[in-house]
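Consider the two complexes below, in which chain A is the common component and chain B and chain C are the respective partners.
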Partner chain A sequence: MISIAIFGFGAVGQGVAEVLLRKRKQLESLIGKYKVVAVTDSKGSVVDENGVELSKAIEKKKKGGFDGEKTLGVIESLDFDVAIEVTPTDVNSGEPGLTHILKSIEKGADVITSNKGPLVVAFKKIKKLAEKKGVKLGYEATVGGVMPIIKLAKADLAGNDIKVIKGVLNGTCNYILTRMEKEKMTYSQVLSEAQELKIAEADPSYDVEGIDSAAKLVILANAVMDMDAIFDDVEVVGITRITPEAFEVAANKNYTIRLIAEANKEKGFLKVSPRLLPRNHPLAIEGTMNAALIKTDLAGDIVVMGKGAGKYETASAIISDLVEFYRKR
Partner chain B sequence: MPIISVVVELLDKPGQLLSTLEPISRGGGNILTIIHQRDKITPLKRVPVEISFSVEDERDAKRIVEKLKEKGVIVKSYNEIRLIATTSVMVIGHIVKTDLSDTISRIDSTGFAEVIDMELTMPEVNRPSTAMLTISATGQEKLEEALDILREVCKSKNLLLVEPINEV
Partner chain C sequence: MISIAIFGFGAVGQGVAEVLLRKRKQLESLIGKYKVVAVTDSKGSVVDENGVELSKAIEKKKKGGFDGEKTLGVIESLDFDVAIEVTPTDVNSGEPGLTHILKSIEKGADVITSNKGPLVVAFKKIKKLAEKKGVKLGYEATVGGVMPIIKLAKADLAGNDIKVIKGVLNGTCNYILTRMEKEKMTYSQVLSEAQELKIAEADPSYDVEGIDSAAKLVILANAVMDMDAIFDDVEVVGITRITPEAFEVAANKNYTIRLIAEANKEKGFLKVSPRLLPRNHPLAIEGTMNAALIKTDLAGDIVVMGKGAGKYETASAIISDLVEFYRKR
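This part shows the complex of A and B:
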């Protein structure tokens, strides 16, 4: 029986819970029996060693919040095999996720996360501790949502040197740029539209200034390119200065514009910036999609593409890590 | 398309330049840059002007130079510049206010790279304008060097430089 603890019960945490509930049969045929022994939010938790009733926990969260023991107390007092860490991202401190992850690993639990903060701030430290404790670390959901880039690089491209990754890693920016191009609207017009559609946050700076893309780039550089990168290594330029005319001028030369995150091991740089792309370039994708072009020494160029965010999309990436960890052989 | 550079000596009088440019355009030349070398004024008070233009064919260039000579223009030098690496970049911001011709001449004055084409859109005053520059250089490395210069210039003038994805 696999005991799962879910830390953070927002969109992603609840998405994971719903999937664990709805697809129990299919998942148990892959990994065997499981139970969720704790779910927590910023104020408290629901804990049951015999398995929390997830539908009730979701109900309770919808009506208000949890009370009782907070996440740190739960980590200390409860036994679990795997922590699913899905609290908010803070790329400066990594908290609260960083402490949750380190404490869970200390206890000998495997960790799966969609939270970029801890990995951006302390990738090496987390990885070392996980190795020392002999636990697994899954973070497919931190980069590109469902786009299966980390496992692709680690498993399917094993033995390759990844020389360059260029990607569209932020769906919000890609949506805004695509709409500006198609509708000839200004940046601020499209931004309000995106905010209304909940594609952009009320404070959009994290996305539009390129910070989110840079965080994902740092994770990729560390995880699959061995670049030993920190956030400050990334040169970051966002999309806020792109003019509507820019697309017309670019189109005359058969170009379009996208926010591209590039980790270049050959030339040794990390950069997020708007770039000109030939319109038929594989990264010239539209809407909220994410895509990445991976340049390898043996396999040549590979392109992956997928939905960049969303409750179930992100849950899917987390579940894929879970299945990878516990798949019955 | 070969790119040709000629240096002609003109009297510092109105109409001189036009009468030189006309045979070039007529002969199928596409004018790229015109640089007055006022610092190299001759004892006879002539101003050397370097004109670069692209032509379909090297033979067109020869014909154009013949034509210029026939019209009495003093052609000091005539070269084909071998620009083999080309890229397009976009610049967004207060391009004109921050001295566009200076931005371009920082590239052109390298001797190994040139802005061979430019499309500029200026919306209302005070709104940022957008320009697409096509830069050619004598080789891939030189093109990279030219881009480095442009990156610096854009940084110091607070212009947004949008580079192509297939970095040179």
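This part shows the complex of A and C:
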């Protein structure tokens, strides 16, 4: 029986809980029996060693959240096989996820996370500790949402040298750029629209200044390209200064503009910036999609596309890590 | 020490041998020490329990091929951990690959293959025998060349229901259609060109009649969609009757034409046929590329693209199976 603890119970945490509940039969055929022994949010937790009733936990969360012990207390007092860490991202401190992850690993638990902060701040430290403790670390959900770029680069392309990764890694920016192009609207017009549609946050700077893309790029560089990168290594330009005129000039030559994150191991740089792309380029995708182009020595160029965010999409990436860890032979 | 036997020594077999030779350091860091104890072709073999000198084997092959024991004799008399079966494909009989695979599994060896024939003819039988004998079976290279669709669907999207797979699975057809569209040439004009460039075979029917695409579709349906399909279940229409006029009509509405293989689990059909696609559709790729769109319940739509064929590209897919089997923890 696999004991799962879920730390963070926003959209992603609830998505994971719903999938664990709804697809139990299919998942147990892959990994065997499981139970969720704890779910926590910033206020408290619901804990049951025999298995939390997830539908009740979801209901309780909707009615205002949890009471009871906080996450750190739960980590200290409870036994679990795997922590699913899905608290909000802070790319400066990595907290609170970083402490949750380190303490869970210290206890000997495997960890799966969608939280970029801890990996951007302390990838090496986390990885070393996980190796020392002999536990597994899954973070497919941190980059590209459901677009399975980490497993693709690490497993499906195993044996290849990954030389360059170029990607559209932020759905909010891509939505804004797509709309500016199609509707000939200004940046601020489209931003307001995106905020109304909840595609952009009230404070959009994390997305539109390229910070989110840069954080994902650092994770990719470290995780699949052995580049030993930190956030400050990334040269970052966001999309806030792009004008409708720029799109017009680009369109005249059958080009478009996208925010491209590039990790280039050959030339040794990490860069997030708006770039001109031929309209039929595989990274010239539309809307909130993510896409990545991976340049390799043996396999040539591989492209992958998928939804960059979403409750069930991110849950899917987390579940794929869970199945990888515990798949029955 | 992993003992590898390579059955078939055409472009793919030699590509695998070259990669095993050239990237030994990188690969041994992933899977530990290995040696190739046999390479065979249709005429004979080179066998050495202590490790065949691959560069000499490649030279010998170039000078006219092998003598010595034939593949079946090698399988009977030699010990090896994994067979890499890369003999030519026959989708009717599955031979000679089918016998090589079954006999290797019977002996308790793992099997990796790029050979569609055996899987189209006897997927269930091979899979059951592998399960009974507790050996591993890898066939990433059978579909889409280097495009890692099987691992992507089975591992990266684990926990998802794969509802539909639609793909451009034959690079030769896609090359012909792309050239017909761009150059307004007839089918037979482009075919001659493709034959000169060695993109199409002298007898192109296996590709242009949709047989190759259908074979790959059967493998996908069985391997990642649990559809229990046989070749005759696929409704197949090739590309030989497409006219330049058809492209013109399509282009007027900003559409193009591609040979699409579709496995639809929801509606229960398997179909290979030329289809109209909007020009900016992710499957409207150009040249000899392959692409696939995977529809899932949790992850939404995922698209992957890569080179459909090629010596090192196919070798890359085989190596990724090898690393999956023997990756050190």
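Please note the rule applied: the second predicted complex is superposed on the first by the 329 of 329 C-alpha atoms of A that agree within 3 Å, B and C clash if a C-alpha of one lies under 4 Å from a C-alpha of the other, contacts with A are read in each partner's own complex, and residues count from 1 in each chain.
By our rule, contacts are C-beta pairs under 8 Å (C-beta built on N, C-alpha and C of every residue); 3 or more make two chains touch, one makes a residue touch a chain.
Bear in mind that the values here come from a model prediction, so they are computed numbers and not experimental data.
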Task: Which superposed partner A:Ala246 touches (first chain B, second chain C, both, neither) - done: first
Open item on the list: According to the stated criteria, A:Phe231 is in contact with first (chain B), second (chain C), both, or neither; which is it?
Closed with: neither
Open item on the list: Looking at A:Pro274 after the superposition, I want to know if it touches chain B, chain C, both of them or none. Which is it: first, second, both, neither?
Closed with: first
Open item on the list: By the touch definition at the top of the document, which applies to A:Leu283: first (chain B), second (chain C), both, or neither?
Closed with: first
Task: Of chain C and chain B, partner touching more chain A residues - done: C
Open item on the list: For A:Met147, using the defined touch cut-off, is the partner it touches chain B, chain C, both, or neither? Pick first, second, both or neither.
Closed with: second
TODO: Please name which positions on chain B make contact with chain A in the complex.
DONE: 88-90, 92-93, 119, 121, 123, 127-132, 134, 160, 162-165
Open item on the list: Help me check something: in the complex, which residues belonging to chain C touch chain A?
Closed with: 19, 23, 26-27, 30, 140, 146-148, 151-152, 155-161, 279-280, 282, 285-286, 296, 298-307, 310, 312-313, 315-317, 319-320, 322-324, 327
Open item on the list: Could you list, by residue number, the parts of chain A that touch chain B in their complex?
Closed with: 166, 237, 241-243, 245-246, 248-250, 252-253, 255, 257-258, 260, 273-278, 281, 283
